[in-house]
Amino acid sequence: MEEKALPIVITGHIDHGKSTLIGRLLYDTGVLKEDRFQEITDSSSILGKETEFAFVLDALEEERAKGITIDTTQIYFQTPKRKYVIIDAPGHKEFLRNMITGASYADAAVLIVDANEGIREQTKRHGYLLGMVGIKDVCVLINKMDLVEYSKDIYDNIVAGMKHFFRDLSVEPRFFIPMSALKGINVAKRDPSIAWYTGPCLFEALDELEFKAFEERPFRFPVQDVYRIGKDKIVAGRIESGEVKAGEDVYLLPKGEKVRIKEIRKFLLNDIGKASYGESIGLIVEGINGIKRGDVLSGDNDAKTVKEFDANLFWFYGEYNKGDKIQIKCTTQESYCSLSITEKFDPATMDKKTEGLDHLEIGDIAKAKVKLRKRIAIDTFSYIPEMGRFILEKNGIPVGGGIIV
Amino acid sequence: MGKKALIIGIDGVPFGLITQMMEQGYMKGLRGICDEGYSVHKMRASYPDISSVSWTSFMTGANPAEHGIFGFTDLKPNSYDLYFPNSRDIKAPTFWQTLHEQGKANRALILNIPNTYPAFPIDGLLVSGFVAIDFTKAVYPPSYIAPLQSMNYIIDVDLMKVRDDKDGFYQDLVESLAIREKISKKLINDEEWDMAAICVTETDRLHHFFYDKKDTVVFQDFYKRVDDFIANTYRAFEKKYGKDFLFLILSDHGFTEQITEVNLNACLKEKGFLTTNESREYYDKIDTGTMAFAMDPGRIYIHHEKKFPRGHVKPSEVGQVKDRLKEMLLNLADGKGTKVIKEILDKETIYKGPYYESAPDLICISNDGYDLKGNLRKKEIFSTDIFKGMHTGDDATLIVPQGITFDRQATIEDPAKIIIDYFS
Amino acid sequence: MDHYDMLENKSIYIIREAYYRFKNIAMLWSVGKDSTTLLWLIRKAFFGKIPFPIIHIDTSYKFPDMYEFRDKLSRDWGFPLIVGRNEEKLANGMGPSTGMKLECCNELKTNALKQIINKYKFKAIFLGIRRDEHGIRAKERYFSPRDDQFKWNYENQPAEIWDQYKAFLDEEEHYRVHPILHFTELDIWKYIQRENLPIIDLYLSKEGKRYRSIGCVPCCSPIDSQASTIDQIIEEVATSKQSERAGRAQDKENIYTMQKLRALGYM
């Protein structure tokens, strides 16, 4: 997998053109040939199966044989400015769960609305979810404009509707782009068919987003374990954000003390000068005696060390009743905690539930204040995802998860 | 404007039934067209008389030993490996390919002819007929996929539905026919074609499941719709290109009421010609000691020594095995004593061409009502299922301009020659 | 960081987490290419030291090369080796011809493992299982250690040796850790090439045949192959994957075709 690709999720109602858009993105960036693109623009077969993402992947397998991408579950495309990777969001439950468990992560989202059909329930639900996981950069695509003769009125109506709906969430879509994925209008380039639209096409909009690859974010290193190898004490763990150089000073959280990284080590490689996001390494640390699992080495002092924070939760096993003993696990940090639920959502409709705030069941989505017994180091999910998501356990069994907003 | 041709296929419509429908007033449109100068003939289908073989014989104007298609199922050479022959396995050129190559005709619209899946390159448009699995592989060129989809084009109705919901199934046939008519008309009106060959397969489906109702309103109503299809398509073509075009209607085989299924392999097993090893799959079950086995619908293959891994019948023994088989099969009778098999044909009398070696050794023709089956599943010789009708081979329909005559019975290989002659 | 660094980093993370959590843990080593790769990754995770025992279940029917290779590696890499044998059954003549294959595997493999686990009271076992082993396509989510942290997701991937142990380990509630789940067969070979890992000769072609997997002599058959170097094996595996995929797609179509034909009374 290549780094520095901006992960985006493409979401919206099933029939509003997702696979056509993906096919168009790949075709316009030269990854797909014309006949393959034709295949993808029709997303169902005689058996009436909704093929979507998996079908696109199938079609791509031949391209992949040429060695373009190795990862078989992600799709990449490249604009003049940067590389993007498309994260699948099959259904909203899976989407939420994937984001929380770290199986996938998106920095930005594209929300598709069919100009002909307008805003559907599913559209709203996806919008809610984007808000729940704190994706700030949302591009709304008003697709299939060719079916409504590029009507500005229809476009304006939909934009107004979306703005109204998003007003209640903490998400403000950056762009509303009228387009036709089928005809390639306003995807890779602007098109005179929509003369009244002066905003950017999709590629331009995406390229405008500010994006920091994980390597460029602040250094975060949750300690997994400490090993005694020979006469050395090696602090083992994985870099969950940023990078570190040998000789650098970093902070040991949650205590907050300054320590020095003397050496970076890997098996058979001593004296590594620099290591970055994703690498499992060993560190020789000076300046402190009691480093242990659960501590976090941080490159700056801006990670929050807190005993409480706001989070969006997803419950996936068993029940929760107010007062239950729960444990939180965030990277390698653990603590007992309690929950104060402020809002609950019906997972099917994303309507707010006003009752039963003392209780959670499988599938429930909720906003809550999490109070901990000890201090831990965290970041918001949108800033550093690894430090902004957590798992909740009851009696050692994972029962829920959440993201820190 | 050059020469034009319109061919309409009506799968499984027997000569007797369509003439009856025309006489009784249920097909006024077709009757009117025929009065303008067309005659109706009884036509011999392919051997065997199933759609994939017969339509391929129609498309290529050749017999199975030339085009290589002997059934919906076949075995790979020197093995028991089952495969499903498709368009890729057709070894002879189709009439439109021949005409295109000769520069005699260009854009062709080939819609819904069975055994054209996967869709293959054409100057024009090809939409595959039965058996087609993946719609995106059933259309050439692919640019037509989306438009056809948006018009809800259906290749084949849901065949399983008829088991629980006969009315719903019938409605599906009506709808499918209507969509096919709508799309055919649109394609004829909107684009230029030198020839159009459009096939209706709903008739075959109707016959399989409802043939016991052929003298009722069920059929009369449906045939009226088929009549509309024919008449409307004809008139649309006429409106665009004038009266001077070649017009043909044909079916690929006939139909008759089914009395019972006859499972040939069960029979061969009982009489000692076939032994199977049930722990293996499909035709791999065929075990040593087998002298002959059957495949749908009435094909008999001798277990030749050189042709099959476990085969042992030597060339010198073949004659004897055939004689014994014929004797046994011609004497096969149902519970009431009625003979099942009408005649058995040797391959040399019906097949000629480069793929002669792959042809079945014998073709069994049954008496009306006895539906020969080549499966290895059913253990009883006689069985019944949901089917009310079965194919017949000697009474397909061919409607041609009056000037065209035949000095022997017309066969399914004739129409292609007529078309090629017309354009030459 | 390239593709193999990524695979490696993920494995090392999982290995370290499991060790922290279970402490009394061991690795099951079949001496084949996958578990030897896992062994190497464990060495990397602990900076050269392997802090727990490596178990080899010896059915006594293994290839002679295997025993040699095993002993040499355990010396070279310096790890404690536990060899488990079901001495009792072996003494009674258990083998694939005396018992049925299943029974032989059960007694000589599974029960031998049981004996070891009970003796040393291991809480968890590392296994070199890959997700792609039985043709399950890699469209499902990655196995990630962060998947419900410590709720290991077992249900999905049975493989030959795996089948033997799963039930037993299930019953007794031992944890199974799969740090190389995300490696494909091709990944393993490429990683072996990159790291220059030692593998048994049997994987390389001799006289037109080589072994794709190594187990007990009576139950292992070689495949036809000319691949006598790792480079050639990599090429061979890469091409066969492509045709496997094409084959699967065709199989799927064939099944639907058969359904449609049956619905019309054929077949």
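Read from first to last, the chains carry the letters A, B and C; within each, the first residue is number 1.
Quick note on the criterion: a contact is a pair of C-beta atoms (placed from the backbone, for glycine too) under 8 Å apart; a residue touches a chain by one contact, two chains touch by 3 or more.
These figures come from a predicted structure and were not determined experimentally.
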Quick check for the class: compute each chain's Cα centroid; which one is farthest from the centroid of subunit B? A
Give me the two chains with the most inter-chain contact pairs. A-C
Inter-chain centre distance, subunit B versus subunit C - centres from mean C-alpha coordinates, in Å: 51
Would you mind pulling out the distance in Å between where the CA atoms of subunit A average out and where those of subunit C do? 33
Can you check how far apart subunit A and subunit B are, centre to centre, with Cα atoms defining each centre and the answer in Å? 55
For subunit B, residue numbers touching 2 or more other chains are 133-134, 156
What parts of subunit A, by residue number, touch at least two of the other chains? 47
Two or more partner chains touched - positions in subunit C: 256
The subunit C residues in contact with subunit A across the complex are 1, 3, 5-6, 8-9, 12-13, 16-17, 19-20, 43-49, 51, 138-139, 141-142, 144, 146-151, 242, 245, 249, 256
Tell me, which parts of subunit B touch subunit C in their complex? 50, 72-73, 83-84, 130-131, 133-134, 156, 159-160, 208, 261, 296-297, 371, 373, 375, 377, 385, 387
Counting only contacts in the complex, subunit A reaches subunit C at residues 1, 3, 47, 54, 57-58, 61, 65, 70-73, 98, 101-104, 224-225, 227, 229, 234, 236-238, 265-268, 276, 278-280, 282, 293, 329, 391, 393, 396-398, 401
If you look only at subunit C, which of its residues touch subunit B in the complex? 253-254, 256-258, 260-261, 263-267
